[in-house]
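As written, the chain order gives the labels A, B, C and D, with residue 1 at the start of each chain.
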Amino acid sequence: MKRSLLTGVAVVLAALYLFPVYWMFVTAMKTSGEIFQYPPAFWPASPHFQFRAVFASYNLGRYIWNSLLIATGTTAITIVLGTGAAYALAYVRGFAVNVALFAILMLQVLPPSLMVTPIFVAFNQVGLLEWPRVAVVLATAAKTLPFYIILCRATFTQVPRELRDAALVDGNSRVGAFLHIILPLARNGILITGVLVFLQSFGEYVYSRSLIADKELQTATVGLSTFLGADANDWVGLMTYSSLYVTPILLIFVVLQRRIVSGLTSGALK
Amino acid sequence: MFQIEIEHLNKSYGHARVLKDISLQVPLGAFVALVGPSGCGKSTLLRTIAGLEKITSGTLKIAGVVVNDKPPRERDVAMVFQSYALYPHMTVEDNMTYALRLRHRPKREIAERVADVAEILGLGLLLGRTPRALSGGQRQRVAMGRAIIRDPKAFLFDEPLSNLDASLRVKMRGEIRKLHQRLGATSVYVTHDQIEAMTMADMVVVLRDGAIEQVGAPLTLYQQPVNRFVAGFIGSPAMNFVPAILVDDGNSLLLGGDAACRLRLGQRRAPGRAVLAGLRPEHLTLGGVGKAQTFAARVESVEGTGSMTFIEMSIAHGATAGAGDAVMLTLAQSGISTVRPGDRVTVGIDPADIYVFDPDSGLALQADPAP
Amino acid sequence: MIKATMMGLVLAMAAVATAQAEPVTVKVWALDEPTRITETFAREFEARNPDVKIDVKLVNFANIVNDAVRAAATGTAPDITMIDNPEVALFASHNILLDLTPLLAQSKVIDRNDFYPGPIANSTWQGRIVAIPRGANTIALYYNADLFKEVGLNPDQPPRTWAELYDAARKLTDPAKHRYGLVFSAIASEEGTFQFLPWVQTAGADFDTLGSDGALRALQFWQKLVDDKVASPDVLVYRQNDATGQFAAGNAAMSISGPWELPTLQKDAHFTWRVALLPGETATSPRASALGEFANAIFKTSAHPAEAFRFLEYIYSQAARNWNEFGMLPANRSAAPQDPKWPDAYAVFVEQMKYARGRGPHPLWPQISKAIQTAIQSTLTHQSDARTALATAQASIDKILKK
Amino acid sequence: MISQLLKTLRDGDGFEAALVLAAIGYLLVFAAFPLVYNIVMSFQEVDMFSLASFDRPFRGLDNYRDLIQRPEAWEILRNTIIFVSCSVVFQLGLGFALALFFQLDFPGAGAIRGLFLAGWVMPGLVVGAIWKWIFAGDFGVLNYALHSAGLIDKNIFWLSDPAYALAAVTIANIWLGIPFNMILLSVGLAGIPEDIYEAAELDGANRWQRFMSITVPLMGSTLGAVISLGIIFTLQQFDLVAALTQGGPANASNIAQYWSWQMSFQTYEISAGSVVATLMIAVVVVVAAIYVRSVQHEHSA
């Protein structure tokens, strides 16, 4: 009885929290007159969907493909570079480790909007802008890497050090102990943090906008910004586009969330 | 022939010296226990032998080969960890055979060895399980199995029994001992429990603050502790230390400086100075028989376990021992005692069982050669 | 003269060279607009000129200047970029735009004397024409004729002075129906400056005399509109198209905006709307309006200036379509459409265009504009009184102008 | 020589060092360069057309002096402090409360907790657009809700009233930050053994005392990470300000990172924008130091 009451409270809290997401979907189904109406309509009088039209006219399929490519590349680089560093920073102690953690945090201070000019200048100098999507991946990975290392490091601190010692005594090299013993045990945490990084880089905007010149290579977030221009006033279209863009992520998320949450909240060994 | 030889080994973390000039030889086939209070460096010393910690200076040889810079996998030692460190994602069998598989041993040989070890340790039915499905004692056995399956140059045990309950601990103690007798493999065993060390080892190494205090056979340490620390550490309950003054040309001492507590010594010490008298609780008797010296005391509390009784008592003390507190002593007696708190009793001790220590250096004061 | 001849020669050679060769690609950066105007022109131009390929990159309004500047600084500039007219000076002052004057002298398509003075003035730097205005824009007063009737106002006599505007707005305001009399944009961006300056100008001041009484009266008038709730306090965050959205939804009875809103209104406004000239301060005050629209410029670094210029000529030649298809006025007189849509509104905007004044030109216009925006916003929110706010703005602007 | 290198990479500390250096090397190339670039520009006279070269007139601290003499500087500093501290406090408070709530054992706890991560997957641009609608003064649903609940009788102009604009941006940012805080704190909570609580309960500690004497100290390192990452994320928040208020009205909701961008990219005072960025870097030095300290504590736990 008391426990189901808690479930009720939880549902109410979640509903309150998710209201902005609901509002996006509802706005997408309203007419342009309805969106300015007061009192606001919590459900449109005659829901109309222009999802298909927006999807086709804004080349959304192409954009989402580009976003997927960039997010995948970013996540791959982040995991490859970040996992080892996270492990080492969790297992090694001492002053150098503090310095390294400090540096890693430091390096992600400025918002991309302020980082982008120097990056553009530098990438242009070395010719990286010839491969604009690669350029975005490289720049974005620098943004996600510190975040990944810090979260992943927490996972590794939960893998007992004695397991590595046992593997070393059993005859493994440090490389082998890392690959065969520690990595499999931290797999859950790595996967989950990887998913978070993927989602984050899927929503990347500033670098894509600035480093990619060719419209065919643009990402979905840049397509979204079309609606925010001075001449654009298609709010319903904006919300429709947002819904289209967010829904697949949300769906994946709803399907995977049990794993994601339990993976994050239960330690590596529990 | 020594299986493990350590010479002038030092280890520091930054400015902190955790191992200070350690020299130790472990004979082939010996069972050596490293004991000491927590933080004394015993685990660190074990881990340097395993190669898990680098040494700062000195030499470390295993089977005659200097291994200072060799990684653990080139030292061919096996280790049992306090937490057992079983690989949670592998079955019991895979845990045990991991080292053999790393060395690419033939499948048949591995299977034979698993069968052998499983039989020795009684693990046959557990081979397919994962560690999380095992009880604490079973995990401990698997950890042992993982070590002995390899037939290594040395076994290293890092407090392997401390996570078990008391009865299981006693049982495993015997099993490890038997296993050692059967395999005859050189073993280094770290424990903070002196009983474990005394009962299991051929040779005990007492460490304090990163340095070796004394090395010797268990009874030697008990009978001839080189200093107050070893004397206090070995033996349970711990030795009583009572301030005293040497008198009678070094042939007697006054417990607590009190003329009423005059004890004759078995052997003469250098006279005329304040010392610490060391009296083991089990050497004290109520009433006093035979050659025993006696003194008066007052019972403060009595703890009986049935087989043993521990009696806390205070003795009078004179002006020279410093004012204030009563001097407290513990007496251990087998069986059940009828004394009550508040009783006045006479306590006896054999002169040969009295230890005398220098109160400043803590060193045992040896008998003076006759003048 | 010699320079012009040389240029002609180069052009001729380029034409010969490209006749048989692969088509050259001209990179164009253009505004990302719903009308897709630049892409339309590009495809049409390519169909007529097989030797040229036009590669259009669309950039949104907020970023086009930044991107162009960065590209110029790093040597990755396109051949052509679109620049908002007050910012042409910024580029021109750094001498990175191609001087089009000699090309214009040769051109058989573009007649530089045909431009309205405002647009061409903002495309000129130190006597040289550095950009071709692609069209022109200005703002006027939209009003809801149905509501005018409802509250007893004559829709044939829209407000002509500030006082009349205020009275009409007051009558049209109806809190019970969540309706304001007027909506406009006082946002802290160039749009806010764009909307505000005509009020200052009709009161006899300008951006460089903000300390004067005229500017003060203009700002106080805006403040009164908001204070008396005949306009929503949210005008401070409305962009111009948000303002139009409010008007179209019936939440405001009058709106100040430009011709680019006409297609939206046609689609979304379910009432009779009309357009009137912006009210002057008094019946005898000078009329004023804002001048908007982008101009196309060619970077000096362009490898194909001749082809780029031909594309600009083509855009110019199509200016008569501006009104009906792309929601703006032509920048040149002779390009008047034959059969304009919304003829009444067209007449009003053409008339309004005569009073449109450019902003600047000054290379540091964005900083000047920022000072004006801050004065507007701090006054409308009573963080500062109008006089102090304008004096502060004038002080900052004086400093910028002296640089 | 080479074989020794290979050996330390395989068996020695070289392996861990190499792993860390690979990541740091990457960050130095792709993240440190822009940082240094910003710092350098803050001491130079930078013109938007001289962006690409380092060869620019040196101005020393003049840029800094000019910046702090601007009338808006102190207001923006104050706003930034309020924005960051309120965001972090409320994200942490609400996130912690939710994490504790979902620790309770009730049907559906895991699934419902997952729904809160929705805020994490929404791009900042979209979140900004949605909140702009929610906050609208005349027709926004927030005013409607407050009105219906009888909490207000006059609409609040969240985005255009200087008394509320900063609050509006902060609220939206708190909304964004809750999932991150909640999840990381849930992870930390899951790591505290149940029996410690039982022991404390037997010792007679009530819920609040258990929370203060066990949960908070044992969560030390997690809290350190969450707070320092929270501060850094909040200092990076840009999209929301751009979408909601553009720092207005008249800087009432302007914060350092947006101001820096405005100067760099709207009014093209690039040196001044870089000065602000450099000062922000200085703040993060402190935050990072706090984080590193909290990490040191985790070893002794």
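In this section, a contact is a pair of C-beta atoms (placed from the backbone, for glycine too) under 8 Å apart; a residue touches a chain by one contact, two chains touch by 3 or more.
What you see is a predicted model; the values in this text were computed from it and never measured.
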Innermost chain by mean C-alpha position: D
Chain pair bearing the highest count of C-beta contacts: A-D
Chain centre separation in whole Å, for chain D relative to chain B (CA means): 53
Chain centre separation in whole Å, for chain D relative to chain A (CA means): 16
Centre-to-centre distance between chain D and chain C (centres being mean Cα positions), rounded to whole Å: 38
Distance from the mean Cα position of chain C to that of chain A, given in whole angstrom: 38
Per-residue multi-chain contacts in chain B, two or more chains: 71, 73
For chain A, residues that touch 2 or more chains besides their own: 35-38, 117, 121, 124-125, 173-174, 225, 228, 235
Per-residue multi-chain contacts in chain D, two or more chains: 10-12, 51-52, 138-139, 265
Pairwise chain contacts under the document criterion: A-B, A-C, A-D, B-D, C-D
Residues on chain C engaged by chain A in the complex (per definition of touch): 31-35, 57-58, 60-63, 67, 70, 73-76, 178, 191, 239-242, 244-246, 248-251, 260-261, 264, 267-268, 270
Residues of chain A defined as touching chain C within the complex: 32-33, 35-38, 117, 120-121, 124-125, 129, 209-210, 213-215, 225-226, 228-235
Residues on chain B engaged by chain D in the complex (per definition of touch): 71, 73
Contact footprint of chain A on chain D as seen in their complex: 9-13, 15-17, 19-20, 22-24, 26-35, 37-38, 51-52, 98, 101-102, 104-127, 129-131, 133-134, 138-141, 144, 175, 178, 183-184, 186-187, 189-191, 222, 225, 228-229, 232, 235-239, 243, 257, 260-261, 264-265, 273, 277, 280-281, 284-285, 287-289, 291-292, 295-296, 298-299
Touching residues on chain C, where the partner in the complex is chain D: 66, 69-70, 72-75, 90, 94, 96, 178, 180, 187-189, 232-237, 246, 251, 364, 366-367, 370, 374, 377-378, 380-381, 383-384, 392
